[in-house]
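You will see two complexes here that share subunit A, one where it goes with subunit B and one where it goes with subunit C.
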Partner chain A sequence: MKSKAGLMCVSFFAFIVLYPALFILIGSLMGEEELASNLAGILDKSVDDYVSWSLIPKECSIESYRQIMLFEPGFFVLFWNTVKICIGVIIGQLLIAVPAAWGFAMYDFPLKKVLFMLYIIFMMLPFQVLMLPEYLVLSRLGLLDTLWSVILPGAFSTFPVFIIYNFFKGIPEEEVEAARLDGAGEFRIFFSIGIPAGRSGIAAAMILQFLEYWNIVEQPMIFIDSEEKLPLSLYLPNMNLENAGIAFAAAFLSLIPSVLIFRLGQESLESGITATTIKR
Partner chain B sequence: MRNNRSGYLFILLSLAGVSVFLMLPYLDILLKSFSTGNEGVSIGLDNFKQILQNEAFRIATKNTVRFIAVCIPLLLILSLAISIYIYENPKLGSMVKTSFLIPMAIPVTSVVLMWRFLFDDNGILNGILCSLGFNTVSWMNGSAAFWILVGSYIWKNLGYNIILWLAALATIDPQVQSAAKLDGASGFQRLFRITLPSVKNGTFIVVVLAILNSFKVFREAYLVAGDYPHDSIYLTQHLFNNWFRELELNKLAAGAVLDSVILIILILVLQKCWKKGGTKL
Partner chain C sequence: MAELKITNLCKTYEGTVDAVKDFNLEAKDGEFIVIVGPSGCGKSTTLRMIAGLEQPSAGSILLDGTSIDHLPPQKRDMAMIFQNYALYENMTAFENMAFPLKVRGVKKAEIASKVTAVAETLKISELLNRRPGALSGGEKQRVAMGRAIVRQPKLFLMDEPLSNLDAKMRLALREEIRQLQRRTGVTTIYVTHDQGEAMALADRVVVMDQGRIRQIGTPRELYSNPGDPFVASFFGNLPMNLWEDGDMICGVRPEDISLSKSFVQDWEKATLLTGYFNGMQWIGEVRCKEGRFTVCADWEMKQEQTIYMHCPEDKIHRWQQK
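Presenting the complex of A and B:
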């Protein structure tokens, strides 16, 4: 009895948790007329009615997707902006954060504890705390109003260092010492022991950062002015609901890569998250 | 652990960037917070006095603190309860985990689109309330907005925290659990004597990441309600953005420094509380 109630509870939660994705999909498959009549309460303030919604569309139609392909070239420009930001940040972090995490995890050097504590603090600070001086730095570098204004600071974020650090910490010291006795150099050890052992931690950090930058709002909002350089996350919410079908289709198209990458990397993500809590 | 300087080589590039984009900016903002006038004419605490008397700063700080104070315990308890349930019913396992994790991958844009239909004055929820004969609620323009934000935060972060707790739970020796069961320890006794003490170690990280993620609800709040949302969800991030746009740079600097000091104290206290935690240096 107790476990039945528990199961009900968990399934109820699971439904709530999954519903928004379903909602977007359903909306994107509704025909224009059905959407218009469903949403009359919001679109036309003179109509005194509420939004009505059904679990499945009366008639499935891919009209909204056709329209976005044909009439919304802007969507794809912004979609690519988001993709470029994500790829740029991730490549940067792979080159910068992975070695840094290794340095913190494997060596003792003066000021290490202080520096790592600073990294944790900078990881926690909301963007707005440093937005003013960061704006000045980017302006001096001539990067304002370019995608680089988001990518470059993003490449140096300390969050992935922290996540990957916890992973490298799990590598047994004897293994590293043995390699040293065999005469392997420090960089050799990093590439032949560190990277393979830390693979899923690195993957987890990169997936988390992909999800972060796929949804980036704060930085482009301040650093980017030109509309054609904005990422998708700033454009979609401002879409006119007159074209609700297009808005739904756009939202679903931006959901696909995100969910896909998440599912592909879920296992590493889980083991990566896991490594952050377990002391080994 | 080798005590040598090749460590510096590995962190060099990262440290350079962190200096340019984080450390120097922080020193800059620290300096600005103590100086008044555009050219830093005089040094003093004027900016701090000014913002402490500022109504908007008080509201925004109160909301941000309230949000963290409500969300973090709620998230920790809810996710711990669900993960203990999953831990004790391993058959459910991966499917449940996946469905709780999916919200992490749902872009903020999709969430916001749904909000606009769900919580509009003529939206779906009010339609349901109306058809059941209740009074409708002005969701986004009332104190309900705060709780919508709380719900959205829990929704997004539940899965992540469940994974964190499950990892900690997995370290419990199953024999200890079954021995306690044989000795007639009740579910609650086992929870407080065995389960909770053994997940304690991971708590520092869990809390730190939960606070970190709590700042991200600004996205939903901003994308749905813009620069000036209802008072109950006017967060420090809204305020700082508005100060930035209005060129109230002295106030912005003082506010930023004050907030960061609170945050740093919080991190240090948390770390002290869980000295034996996962990120032992």
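Presenting the complex of A and C:
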């Protein structure tokens, strides 16, 4: 009995969490007329009514998806922009954050503590603080209004360094020393011991960063002016309510990659987060 | 095959005392040297300096007559065995043992045949596909030994390799380490805090205390001719009995004291405080005029028993007090 009540309780909260996604999915499957009548309360100023919604569309239609696929080339351009940003940031971080974390974890060098402190401070600074200096630097580099203005600062992000650092720190020192005595050079140790040991940390950091940059809003809003260079996250709020069906479909489509990535990496994400919070 | 010569090796950490001071040692080709001492005596630091994992503050290390001071660990051609095994966690036992060969660019077929042969001698053939997580402590240390001997290094370095194992496994592996070393003939430097291990394994023992060498010698020499009270009390299964006599410190080993339950002319009278049986003989704690002594005999020792004891003059060690 008790477990049944518990199950109901959990289901209820799960439903609350899931509802927005469900809402979007249902909306994207509604016909134009049904959507119009449901949203009449906000769409039509003359009608004084609440917005109504149903859990199951009266008649399912994939018209909105057809519309997007066939008549909204803009959607694809922006979708592609988002993909480019994410891939660029992830590749950049793999090339920069992973070796940086390894360096911090394995080697002693002058000013290491100060530098690491700076990294942590930068990790905690909100974007609003960094916005102006970043803008000035990007402007001098002539990168404003290009995707690089989002990709480059992202590639040098300090957050993944911190997460991956904790993983590398967990490698016993003797393991690295044994490898040195076995004749392995520093690069070899990095690739043969470091990367495999830090695998789930690297995966966790990359997934978190993917989700972050998939939904990025502020940076492109400030650094990018041309509409055709904006990411998807800025396309969605600009949709007209008249095209509500398309907006719902676009929103749902943009959800899919991040849900898939999350699902794929859920395990490493969980172990990654526990490893950084619980000192091993 | 290598001779090791260490001269005036020192290690000073900033703002602290000397971790190692004036360490001198010559190890002959194929010799098994054990460095022994209490924890914090600098023995591990010495080993790590030989390995190149730690930079000496002064002194030099020669391997086969050439200086290796400037060489990184990779180029020293030594293999090290650690207390916590230090296996590569993400590799199987086979890959662990293959790693030193792989790094040297040895061909795959040759690696496979070498690793299998070594695994055979260490009796770990069935474990080759397992990762370290699925191995027991003894098995892990066997794999680590395999990793060390799969290429013939110039020097084996062992840092308390048996300390994390239970007593039975420790004895078994100790024997295997000795056989392995005799068979391969690789010069070995072995660090431990356990005098029993040092006695059982070493050709020569280096006793260290507070960063300095106290004495170097064969186990026999250290046991019968200890150079100072520290060495004297460090060796032997039972602690040496020490007492002061004027400006001398005197010592006698429990096994050199004769005991009698009945009166003997000129023997010293003493009272037994405690006694227990250790499996081979009875060990007792007595009070006599020099203080509290440990003694042993093959008859049962009871509390408050009165006994008579005697020690021949030539069994008493004497050192000038500093």
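Throughout what follows, the second predicted complex is superposed on the first by the 271 of 280 C-alpha atoms of A that agree within 3 Å, B and C clash if a C-alpha of one lies under 4 Å from a C-alpha of the other, contacts with A are read in each partner's own complex, and residues count from 1 in each chain.
Throughout what follows, a contact is a pair of C-beta atoms (placed from the backbone, for glycine too) under 8 Å apart; a residue touches a chain by one contact, two chains touch by 3 or more.
In this text the structure is predicted, and so the values were computed from the model without any measurement.
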Touching partner for A:Cys60 - first (subunit B), second (subunit C), both, neither: neither
Contacts of A:Gly183 with subunit B and subunit C, given as first, second, both or neither: second
Partner chain in contact with A:Ala97 - subunit B first, subunit C second, else both or neither: first
Partner chain in contact with A:Glu175 - subunit B first, subunit C second, else both or neither: second
Chain touching more of subunit A, residue-wise (subunit B, subunit C): B
Partner chain(s) touched by A:Met8 [first = subunit B, second = subunit C, both, neither]: neither
Residues of subunit A contacting subunit B in one complex and subunit C in the other: 180
Sites on subunit A touched by subunit C in the complex: 172, 174-175, 177-185, 188, 192-193, 196-197
Contact footprint of subunit A on subunit B as seen in their complex: 1-11, 13-15, 17-18, 20-26, 28-29, 32, 82, 85-86, 89, 92, 96-114, 116-117, 120, 122-124, 126-127, 130, 155, 158-160, 163-168, 170-171, 201-202, 205-206, 208-209, 211-212, 215, 218-219, 222-224, 236-237, 240-241, 244, 249, 252-253, 256, 259-260, 263-264, 267, 276-281
In the complex, subunit C residues that touch subunit A: 51-53, 72-80, 82, 84, 86-90, 99-100, 103-104, 144, 147, 157
Touching residues (chain side subunit A, partner subunit B) in the complex: 3, 6-7, 10, 13-14, 16-18, 20-21, 23-24, 27, 39, 41-42, 45, 48-53, 95-97, 99-100, 102-104, 106-109, 112-113, 115-116, 118-137, 152-153, 155-156, 158-159, 161-162, 165-166, 173, 180, 186, 190, 211, 214-215, 217-218, 221-222, 232-234, 236-237, 241, 247-248, 250-252, 254-255, 258-259, 261-263, 266, 269-270, 273-279
